[in-house]
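Each of the next two complexes has subunit A plus one more chain, namely subunit B in the first and subunit C in the second.
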Partner chain A sequence: MDKILKMMSQRIGLGLITLLLVSMIIAGIVELLPGDMCQEILGQAATEETVANCRTENGLDRPFYVRYGEWLVGMVTGDMGKSLANKREIAELVGVRLGNTLFLAAYAAAISVPIALTLGILAALYRNSFYDRSVNVFTLSTISTPEFFVAYILILFLSVKAGIFPSISNIAPDHGFLDRLERSTLPAFTLTLVVVAHMMRMTRAAIINLLASPYIEMARLKGLKPGRIIVKHALPNALAPIINVVVLNLAYLIVGVVIVEVVFVYPGLGQLLVDSVSKRDFPVVQASSLLFAFTFIALNLLADILSILSNPRLLHPR
Partner chain B sequence: MADTDMSVATDTQVSPLVCRAATAVVYAFLLAVFLLGVGEFSPWVILGIAAVHAYAFIAYKYWSGLERTGTGDLVVAAVSAVFVIAALINWGSFSAYAWETFFGMAVVQGGILCVVQYWKTLRQAPPSAWFGLIVVMVYALLAILAPIVAPFGETSIVGSQYELWGAACTKVELCPPEAGAKQMILGTDHLGRDMLSRLIYGARNTIGLAFLTTILAFSLGGVMGLLAASLGGWVDNLTSRVVDILMAIPSLVFSLLILTVVGTSYVSIVLVIAVLDSTRVYRLARAVAMNIVVMDYVEVAKLRGEGLWYIIRHELLPNAMPPLVAEFGLRFCFVFLFISALSFLGLGLQPPTADWGSMVKENATLITFEDVTPLVPAGAIALLTVGVNFVVDWFLHKTSGLKS
Partner chain C sequence: MSDTTEKAPPQKGDVLLEMRGLRIEGRADEVWFEIVHGVDVTLKRGEVLGLIGESGAGKSTIGIAAMGFARDGCRISDGEILFEGQDLRKTPESELRKLRGNRISYVAQSAAASFNPAHKLIDQYCEAPTQHNVLSRSDAERDAVSLFRRLQLPDPENIVFRYPHQVSGGQLQRAMTAMAMSCRPDLIIFDEPTTALDVTTQIEVLAAIKDAVKQFNTAAIYITHDLAVVAQMADRIMVLRYGDLVEEGVTGPMVAEPQEDYTRDLLAVRTFSVEERARPESKPIVEVRNVTAQYRGAPTPVLHNVDFKIHKKRTVAVVGESGSGKSTTARVITGLLPPLEGEVLYDGQALPKDFRQRNKDQLRKLQMIYQMADVAVNPKQRIRDIIGRPLSFYLGLSGKKKEERIRELLSLIELEPDMFIDRLPSELSGGQKQRICIARALAAEPEMIICDEVTSALDQLVAEGILKLLTRLQDELDLAYMFITHDLATVRAISDEVVVMLQGRVVEQGPRTEMFTPPHHEYTDLLLSSVPEMDPNWLDGLLDRREQLAKEGRMVSGAGN
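Showing the complex of A and B:
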């Protein structure tokens, strides 16, 4: 137990250091601008006075480390400053949208994880059969298609032709849960199609890796059915890599939603990021990048910790 | 020597004549393209003529160096002849684009020479790999020959907004006189530009940029990875930590962040994506090289007093090649999708440059009228990445199969 605690605290410490360095990069990258933020936004035509005003307003007249410290403290306490474009509180803007993005990611995960695991186990069970090979080709194709291709095909068939789901997922805070679910079904389907392939392939590989081990041989000699061997004997031992790939795909779901959100005009964090990038609204870009990076690092950390926790050799040391 | 000669001779007679004659025809043809096609004499023409000489020399040398069969020679000669004849029939458009013709010829001949050389391996390749190879070849040719193949110009407006598929050219002054019945096979886009032409030019822009970026990412990541593995110590530690940090930020978000600051231009897109992508290459190159560095033959080379460069070049690189080549294909797909995604978001290649990602975005409204036009560029992206993936899958299967 001691060893596990030590390893876990090590990982968490490493994660925190990474997060700190990443926040430094995100804050520092704006310093790379020729001139500074104010000059960049106001353009060449701005008078000295307006630029100076803008600088004092945004606190640019102080050294970088002071501003960075304040920014970091603000991020942690929820005071994220104001947007340059519309002077609104960033925390307000980001809060609702982060909720929407998490909702979409959770919805997509709820569909994709069971499908991927089932398909993966079946492919391992019937490996090298026609089913396995066709699933292989299909997943290889979905991995390598752009998200917007999948999204527009779904729109064409499920929304325009069949009229089952709305093609635009405009969600307002006052929408009920079911309404939300219906409106975000197509984006969730798109994300599902994109991530299922990867999870399924990893599940299949993890199980097939184990099938050569002696205890599987033993179970087979005992006369167990192949399905039972895989579910009872192989799956528990393949859990660590499977959990790992599931969590990593969750990270992808939250971060990779950017394009899907833009296609479906879904009011999430990704849409906000893209809008702010084209408006060159630096504070919002920084805040949402940090949130994305935080989620990404946190989920990677979670994957790490779960794979330590699900490792039988570490859990039951001799 | 005598044995191989005998075995070749039993196939069909290999005559050096076919090879020589075909090379001479190609040489004369390319020379004519540069001399007759380009009106005035410029440094480019001189460079072109030099390139033709170099090309003819290299092609002949390579071709005659192969282990040849009569059938193989005939196939290469026939394919080259088809290209030359096609160019002679459409002499006007081919001779106007001398460099495109030159590189098109090089790709056609190079491709067919490779097919002939590796025929024994290729014959056993699964259909998916063949499909992938053909797709890659066709895309490469389209990208190179874009101005010759495309019916209209990249940015020329030839009709009104969103013409249907197969509509005839309406604005007469913009259509060539003999092409009164020239159709816009895929209709027009939101500004009245021909979709098919933009699709073909888009192949050149998007694939070219992705290819360049991948090469940069590989040079950077590969060299750093091999160096880290062979030097070890603090160099390895430092680069690995930097890469860890860079990989901790999701790459799309990171590149959006950087592009906000530096602005979107060809140079910044290529550099940003190349640097971010080189981290993945670094990881792989380092991991593969780490396994090789501990081998006895590397130890022997070190004891022999060979330098760092020699060890990387002669001991590490040849043995690390198969996984790196496969990774090149996968990275190319990734970069290609990445650039398309950026363009789709409006932050990649800027208009009026034709680009598949932005073409999808610009015409996306058509999908609500049950028009599949926006799916065509998206499908073009998907087809190429699927094709490359099939080839890589086969290649990986093959190289790993040979090892075990």
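Showing the complex of A and C:
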């Protein structure tokens, strides 16, 4: 057990270091952008003097590392500063949006992960059959189609023609759970179509990779049914790669949803990021970028830890 | 088996399995070619049949065909496989599944690879009985413990709940035998069950298998390449070669008086031997002095005060079971594992502990040949590049000179240069690949070569060819060999001196003749007495003698693998 704890703390430490580096890169890039907050607020007509005053007021005339340090401490303690655009607390603004994004991601994951695993296991079981090929072709075509296109196709058929789901996912904080669910269904479907292929193909490959191993031959010679061989004997040993690809896709569901959010006007973090960039609302951009980075790193950390735990040699030492 | 027609209860002597005109094809590069050419096998209830032959003889393929099974890339193309009169080739897969693991079961060569690493032994044991509805889970668990005890596994109540990686190789092999017996099958296929084990462990597993097969009157097909082992186990032996039957007969007469030349060759294979040379007065070329070594992160050292010398033009065999520290000693000598204490002297001078601190000349003089020639050569390089690399690296040869030297070396290892120089390793047989590794070591013009189990992965006749080559090269080039092996027959054939290791310590060393004549150190004795002999009564006799010794309180045990 000590070994596992040691490995985990190592991974967590590495994750924190990565996060720190990312925060530096985010702050550094924003710093390099031409123009700053004061120029943005005061506009082109402002005199040198007013701009300088504004800078002193907001502490922008201090060196980069001091401001970076202050920002970092603020992020860690939850004080993210105020938005330039509407003067609201960023923490509040981002919190609601992050909640929405996580909701959508969880919804999409709840649909896509079971589907992907089932399809993958069945494809491994009936490999090279007609079923296997058609699933491969279908998932490959959905992953090769641009997300916005998939989104518009779904809107066309399920919303415009069939009228089952709303085409715009305008969610407000006062909406109930079922209402939210209904309004998020189309974006969740879109995301599902995008991520299923990757997870399904990895599940299939990881299982098939193991089918040549002696313990699978042993299972066959024990007269076990093919389904049991795949699920009981191959799957547990294929978990590490599968966990990795699932978590990578979960991360994508949170971090990579910008386009889908824009198409459906879904009030998520990605949407906020896009808006803030166009408004040059730097503090919000910085905060959301760091949150995205944090989610991505945390999920990968989770994948690492789960893979370690799926190895019986580590879990049950001699 | 409930049957509507009245059927006499099965009796010993009834035919259980009959394979007639069995033909099996294998596929390579999209072409099917025959690997078993019409073999007939008959097995009676309770009989043990030995299938013997070198790799490629088709023995494993035939054995597994008795379950109506062909490995991926193989197919049974012709013949009948009658199990209790039922033709398995005409039986649908779903019915075959009911036989497999239940009436016919299989014990694989490597238990470590054939147990699923993700499940406990008990879960894997109970799978066949519960899936075939032979026993309930709780009955199967109870049965597992009693079978594990019968097969002399230590602490059976607890060992069943371990994971495969928590159990040693010999124990796993016995656990697999127990698993094969879980449904009390009529037939068990043993596919080289002791080949991967140390001699001392092999004895225990052989004894356990023999006892269990006799106890439950199970018929068995025992597949091995070792005639001495099969002589202990089988009532009848079939000798196979290239997918054809060479000779078939009752064990005793067959071993005493083989009819065919090929069988005689297999029997005679251990007779090759070179004269032992007297220990020279000169300084040793390599001296391992009081070496204690430890792997990074390991709690205890793996080598303790290892101390021996190797002289010019002599062969020092280092023997011991797996885990005894033989290969680790080689790693210390080559500088791959710097020792904690002690040193390695070359020509009386201490070598730097880490190979990175050694100069090119020091590196050149010490070369290595490995067990797995397959993985010791780069599969993407042609023979010319494999042998040419040390020539340019150590000796700075290039162009025409290098080409000439490569051809010389190929001739030296008895491979026709024009035929082999442009080949890839995948176009060579196992023995030829090992010869290439020897040529690569020779290219550096070394003074000493460390041979780490170089013949273990080869068939007996091929291995003998390699040993003869090494001996000839030693005479011609005045080489010193450190010969790491667990095979005492090899030691007896070519060594001048023997170093016996146990658990990281040298327990005994001396000239070969001395080491092979009693009195020995107790452990050396255990090792020597564990080497199977052709006499079919050898195993029973040995076990009786050991039991006698145990009663007198003189029990020696091996490394416990």
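In this text, the second predicted complex is superposed on the first by the 305 of 318 C-alpha atoms of A that agree within 3 Å, B and C clash if a C-alpha of one lies under 4 Å from a C-alpha of the other, contacts with A are read in each partner's own complex, and residues count from 1 in each chain.
As a convention for this text, a residue touches a chain if its C-beta (ideal position, glycine included) is under 8 Å from a C-beta of that chain, and two chains touch if they have at least 3 such contacts.
Worth saying up front: this structure is predicted, and the values here are computed from it rather than measured.
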Fit-or-clash call for subunit B and subunit C when the two complexes are aligned on subunit A: fit
Touched partner set for A:33, first subunit B, second subunit C, both or neither: first
Which of subunit B and subunit C A:237 touches, first, second, both or neither: second
Partner chain in contact with A:218 - subunit B first, subunit C second, else both or neither: second
Which superposed partner A:87 touches (first subunit B, second subunit C, both, neither): neither
In the superposition, subunit B vs subunit C on subunit A residues touched: B
Minimum distance between Cα atoms of subunit B and subunit C in the superposition (Å): 5
Where subunit A meets both subunit C and subunit B, residue numbers: none
Subunit A-facing residues of subunit C, complex: 64, 67, 69, 71-72, 96-102, 105-106, 108, 110, 113-119, 127-128, 131-132, 162-163, 165-166
Interfacial residue positions of subunit A with respect to subunit B in the complex: 18-19, 21-22, 25-26, 29-30, 32-33, 137, 140-141, 143-149, 152-153, 155-156, 160-161, 167, 251, 255-256, 258-259, 262-263, 273-274, 276-278, 280, 282, 285-286, 288-289, 292-293, 296-297, 300
Subunit A to subunit C touching residues, read off their complex: 212-215, 217-225, 228, 232-233, 236-237, 312-313, 316-318
Partner subunit A, residues of subunit B touching it in the complex: 128, 244-245, 248-250, 252-254, 256-262, 333, 337, 340-341, 344-347, 357, 360-361, 364, 367-370, 372, 374-375, 378-379, 381-382, 385-386, 388-390, 393
